[in-house]
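In the two complexes that follow, subunit A is the common piece, with subunit B as its partner first and subunit C second.
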Partner chain A sequence: MKKQLPVWLGFALALIILPQIFDSVLGISILNQMTIWIIFALSYNMLLGQGGMLSFGHAVYFGLGGFMSVHALNLIADEIIVFSITLIPLVGGAVGLIAAVFIGSFSTRKSGTVFAMISLGIGELIVASSLIFADFFGGEAGVTGDRTYGPPFFGIEFLQDAEVYYLGAFWLFVATLFMYLFTQTPAGRMANAVRDNPERAEFIGYSTRRVRFISFCAAGLFAGVAGGLFAINYEFITEENLNALTSGRVLLMAYIGGLGFFIGPIVGAVILTLMNSLLSNYSEMWMLYLGIMFLLTVLFLPRGFAGFIMMHQTAWRNRRLGMLILPYLITAIPVSLFLAGFVGLVELSHKGDDILPFFGLSLGADSMLSWGILLTLAGAGALGVKLSRPRLNAAWAAANTVAKDADGDAR
Partner chain B sequence: MSLLTLDSVCKSFGSTRIINDVSLDIEAGEKHAIIGPNGAGKSTLFHLISGRYNVSSGTIGFQGKAIQNLPPYEIARRGIARSFQVTNIFPRMSVFENIRCALLWSEGYRYSFWKLLGRQKPLNDKAFDILEQIGLSDKAQLPSGELAYAQQRALELGVAVASGAELIMLDEPVAGMSNSEAENAVALIRRITEGKTLIMVEHDMNIVFDIADRISVLVYGEIIATDTPENIRGNARVQEAYLGEVPSDA
Partner chain C sequence: MAEVFVFATLNGLVTGLLLFMLASGLTLIFSMMGVLNFAHASFYMLGAYFAYTLSTYIGFWGGLLIAPLIVGCIGAAIERYGLRRVHQSGHVAELVFTFGLAFLIEEAVQFFWGRDTKNYQSPELFDFALFSLFGQEFSAYRGFMIAIACLIFAGLYFILTRSRVGIIIQASISHPQTVANLGHNVPLIFMCVFGVGTALAGVAGVIAGPVLTTFPGMATVLGSIVFVVVVIGGLGSLPGALIASLLVGLLQSYAIAADVGMPELLNLFGVSFDSSHPLDDLWTLNLPQIAPVLPYLLLVLVLIFKPTGLMGNREQ
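== the complex of A and B ==
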């Protein structure tokens, strides 16, 4: 823990400084979303990455925590209860935990496919009941609240998004710290053991069911904390926040970021939040790009973006990372060409009669020349990637194997 | 009183009877080997004692209490540890973590999520001690899945004995090893099972006759003889079962 103190200080510092750098309305709004999604994605990774439990219904705990938090906001506004807005994430966390204790008591009996199917079923069940119990869930319209009616917190009334950001950043830091510490405890470590080899875990004295249950409850708790932050940030929550779409999104975040690393889901949450907020302004097809990115990650980066970064450890340790810069840059050129061509093709194909502005050109779907330009671009890019690959591979091999030789000499 | 008592234990899968009316007493401190031809039910017998399988009938007593049909973790907590014929470790965790996890329950950590492992000095020291004993201290931080085969077998033993169980059950601990590796493994087994009770399934008769105080011969799910190595070697039924495979000069 002592060794990691600089990392945690850096993390705290980044959280404080980031809104100064990205101080636009959009910037703060994206940062606010990130605080929520990072906590949620980290909590999801307690299940999948740390515990080997594939859940298709983790949004249930996020959503239930969120709904209860919005109701809590309303109770505070109506002066029925006196409670600080700053502690709303604890309400969400408590609700997430209670739901997880209840549902986990039977769903964690099994792992693997059975667990995944139960999680899917529970998710659908909660979504269905959200439309039935309209008083609590607000039907299709959802529930709205107002975070500004509570007692001010040292004069702060959370009228501005930036104030909400610092509240979110505080909870993000606390939640991340506790989730990390959990991995360093007997229960957290046995979750890894059960993930790796449930049979052997039983023969060293641990009930795999109980180990899974504890991780499941912790994951529900932190998902609820994220839901509470969601409630504060948006002051609004609907059935969509606990359905399969949201469960799927958090799965994508954790997976694209990298399941095997603690920071993986953080990376994934940042990437997906950016795509969601920025790309969606530019293209209606951003979900397609997200899908393709997920596919490519599964196929080529099974350990996610964090895994891709960690792949460079050997090269880094042996001071050979510099060897890779030039080959990476060279390969990046045809990759960019291909991406530009591919994105152009996708965009053009659903433009209809509209004009597609493309690097100064005006492309139209009815012009053969437009299609030709884009196809040529994509084709040339693909060819370029193919041609530059061997050089990159050779550089990669050199950067990693030279290290081994040096190691051998040292012995 | 015997440490482990099997009384008329039977195990059937469907209509096939794999273990038939096995009764056996293992004394505390004894080194006991179970031998027999392939498919005799040796591993099944291990699975019954360690809780992987439930018995079809009969009782298994450990330290005077019935343990048959308890889940594996309950049996492990009572002091029976085992290794597996096929290496069965936590492949994505480091060698050190493998041993430390194997220590957790017996050191009283249970499911605690409020204690940081990095701060548990006695626990970590103990894990390093065991690594030292099994000769893997220089591999402590390596993912255990990347160890060489013989090293994985050593780790398998380490995980089994880490808990300090009273009864240690080893299922073909030296299978697949070269002669020199097997020699090391036997020395290791002697060292780490000192003062403990050992039940071992092994095909290598030299090792069996070397280590065991008593031997049980399992043929078609039945124990046809339990005796000292000398008497087993001279037993006509055993020789018949093995078609003279028992080495006469081991």
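== the complex of A and C ==
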């Protein structure tokens, strides 16, 4: 922990400085979303990355925590209870924990497919019952609240998004710290052991079910905290926040970021939130790009973006990282050509009669020349990637060979 | 009462057999490769869309023949270039891959065919009532659906248990190494089985498209239910899949038809609640309301009490 003190200080500093750099309305709003999704994705990683439990219904704890938090906001506004808005994420966390204790008591008996199926079933059950119990879940319209009625926190009434950001950043820091500390506890270590080899863990004398149950409850708790933050930030919550869409989204985040690393889900949450808020302004087809990116990640980067960065550890230790820069740059040129061509083709086929502005050109779907330009671009890019790959592979091999046996775990 | 019961049974039978057409391919793929294919219902959707496009050129019957072939080829290609690669990263990666595939196929369908509902019609040949009972008609197309499903079950069962191909397939489920040593190309067999499984889903799509409407959400509507069916029936068991499909189909159909709920149940015990009670929603629940939930309830119960499913003999 001592060695990592600079990392945590840097993290705290970054959280404080970021809204000063991105101080536009959009910037603050994106940062607010990031605080929520990072906590949620990290809690998901406690299940899948560290505990080996693939869940298709993790949004249940997020959503239940969020719904309870909105109700708590309303109770505060009606002056039925006196409670600080700043502590609302704890309400969400408590609800997430209670739900996880209840559901985990039977679903953590097995991992693998059985666990995944139970999580799917529970998720659908909760979604369906959310439409039945309209009083609590507000039916399809959802429940709305107001965060500004509570007792002011040192004069802050949370009227501004920036004030909400600092509240979210505080909870993000605390939650991240606790989730990291959890991985260092015996319970966190045993979760890894049970993920990798349940039989051996049983032979040593651990109940795999108890170990899974503990991780599951902790994950539910932090998902609830994220739900509470969601409630404060958006001041409303609907059935969509606990359905399979949200569960799938958090799976995408954790997987694209990289499951095996603590920092992975953070990377994934940042990337997906950015894509969600920025790309959706430019293109109707951004979900298609997201799907393609996800499949490519699963196919070619099974350890996610964080894993891709970590792949360079050996080269770094060999002090040969510099050797890779030039080949990377050379391959990047045809890759970006191909991407530009491909994205252009997708967009052009959806423009109808409109003109597609493309790097200073204006392309129309009715002109063969437009299609020709884009096809040539994509084709040239693909050919270039094929030609430059051997060189990249050779450089990669050269950068990684020398001290490989000294490295021990050549992953 | 009798007419409600008869029609609920018939509708349940049609739904159940439709589910079985999907579940049969899914369970076949699972027993071979150990992969639960999350995207299976997406292939069903692809079947419906291809058949719709083909039917505007060569009619319904051409679509019924060619669309499953296209879907099967796509499925085989995905196995060859996608799944086989992901297989090295383990089961979770495979499940996540098919999950992403389902997501991507839905987006791709919206990209190529648009977001609106397609006007995909059943052939005029079946525009008559097969029989009428209690003044209600049972359309010939539904009868046709039942017939096709029965044909598929009989055909699959015969091929898998009686033919040489089926024996090789069964052998490569349990002893892939031995089968490979005997000179069979096991990866090729896997690819073909995946192709056939997805083609079966395509057939289901072609047939169900006109009845259940062809729209981009049709995979999501059926997707998780098919999953539920396969798990309840026992992973990898074809008869189990049939039983579970019928069970889920009939259960849902009866629940929708039955007009009973908590008030009636509570009246039996002589209990009644004020309508302003905070848990009012709970006391006024009725069966049609919870019909969509029942398969999932059944799934959770089966997994808790018999994790292998009704007819399955293997876990994981």
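Convention: the second predicted complex is superposed on the first by the 401 of 411 C-alpha atoms of A that agree within 3 Å, B and C clash if a C-alpha of one lies under 4 Å from a C-alpha of the other, contacts with A are read in each partner's own complex, and residues count from 1 in each chain.
Definition applied: a residue touches a chain if its C-beta (ideal position, glycine included) is under 8 Å from a C-beta of that chain, and two chains touch if they have at least 3 such contacts.
What you see is a predicted model; the values in this text were computed from it and never measured.
Chemist: Does subunit B (first) or subunit C (second) touch A:Met368, or do both, or does neither?
Modeler: Neither partner.
Chemist: After superposition on the shared chain, which partner residues are touched by A:Glu199: those of subunit B (first), subunit C (second), both, or neither?
Modeler: first
Chemist: Classify the contacts of A:Ala128 with the two partner chains as first (subunit B alone), second (subunit C alone), both, or neither.
Modeler: The second partner, subunit C, only.
Chemist: In the superposed arrangement, does A:Leu329 touch subunit B (first), subunit C (second), both or neither?
Modeler: So A:Leu329 meets neither subunit B nor subunit C here.
Chemist: Determine, under the contact definition given at the top, whether A:Leu5 touches first (subunit B), second (subunit C), both, or neither.
Modeler: A:Leu5 sits against neither subunit B nor subunit C.
Chemist: Applying the document's definition of touch, where does A:Met190 land relative to subunit B and subunit C: first, second, both, or neither?
Modeler: Only subunit B; A:Met190 stays clear of subunit C.
Chemist: So which one touches more of the residues on subunit A, subunit B or subunit C?
Modeler: Answer, by number of touched residues of subunit A: C.
Chemist: Do subunit B and subunit C touch any of the same residues on subunit A, and if so, which?
Modeler: none
Chemist: Contact residues on subunit B for subunit A in the complex?
Modeler: Interface residues on the subunit B side: 50-52, 71-73, 76-77, 81-82, 84, 88-93, 97, 100-102, 104-106, 109-118, 159, 162-163.
Chemist: Help me check something: in the complex, which residues belonging to subunit C touch subunit A?
Modeler: Listed in rising order, the residues are 36, 82, 85-86, 89, 91-93, 95-97, 99-101, 103-104, 107-108, 110-111, 224, 227-228, 231, 235, 278, 280-282, 285, 289-290, 292-293, 296-297, 299-300, 303-304, 307, 315-316.
Chemist: Of all residues in subunit A, which touch subunit C in the complex?
Modeler: These residues of subunit A touch subunit C: 48, 52, 54, 56, 106, 109-110, 112-114, 116-118, 120-122, 124-125, 128-129, 132-135, 244, 248, 251-252, 255, 285, 287-288, 290-292, 294-295, 298-299, 302, 346, 349-350.
Chemist: Quick check on the complex: what are the subunit A residues that touch subunit B?
Modeler: Subunit A reaches subunit B through residues 1, 181-182, 184-190, 192-193, 195-197, 199-207, 210-211, 214, 218, 260.
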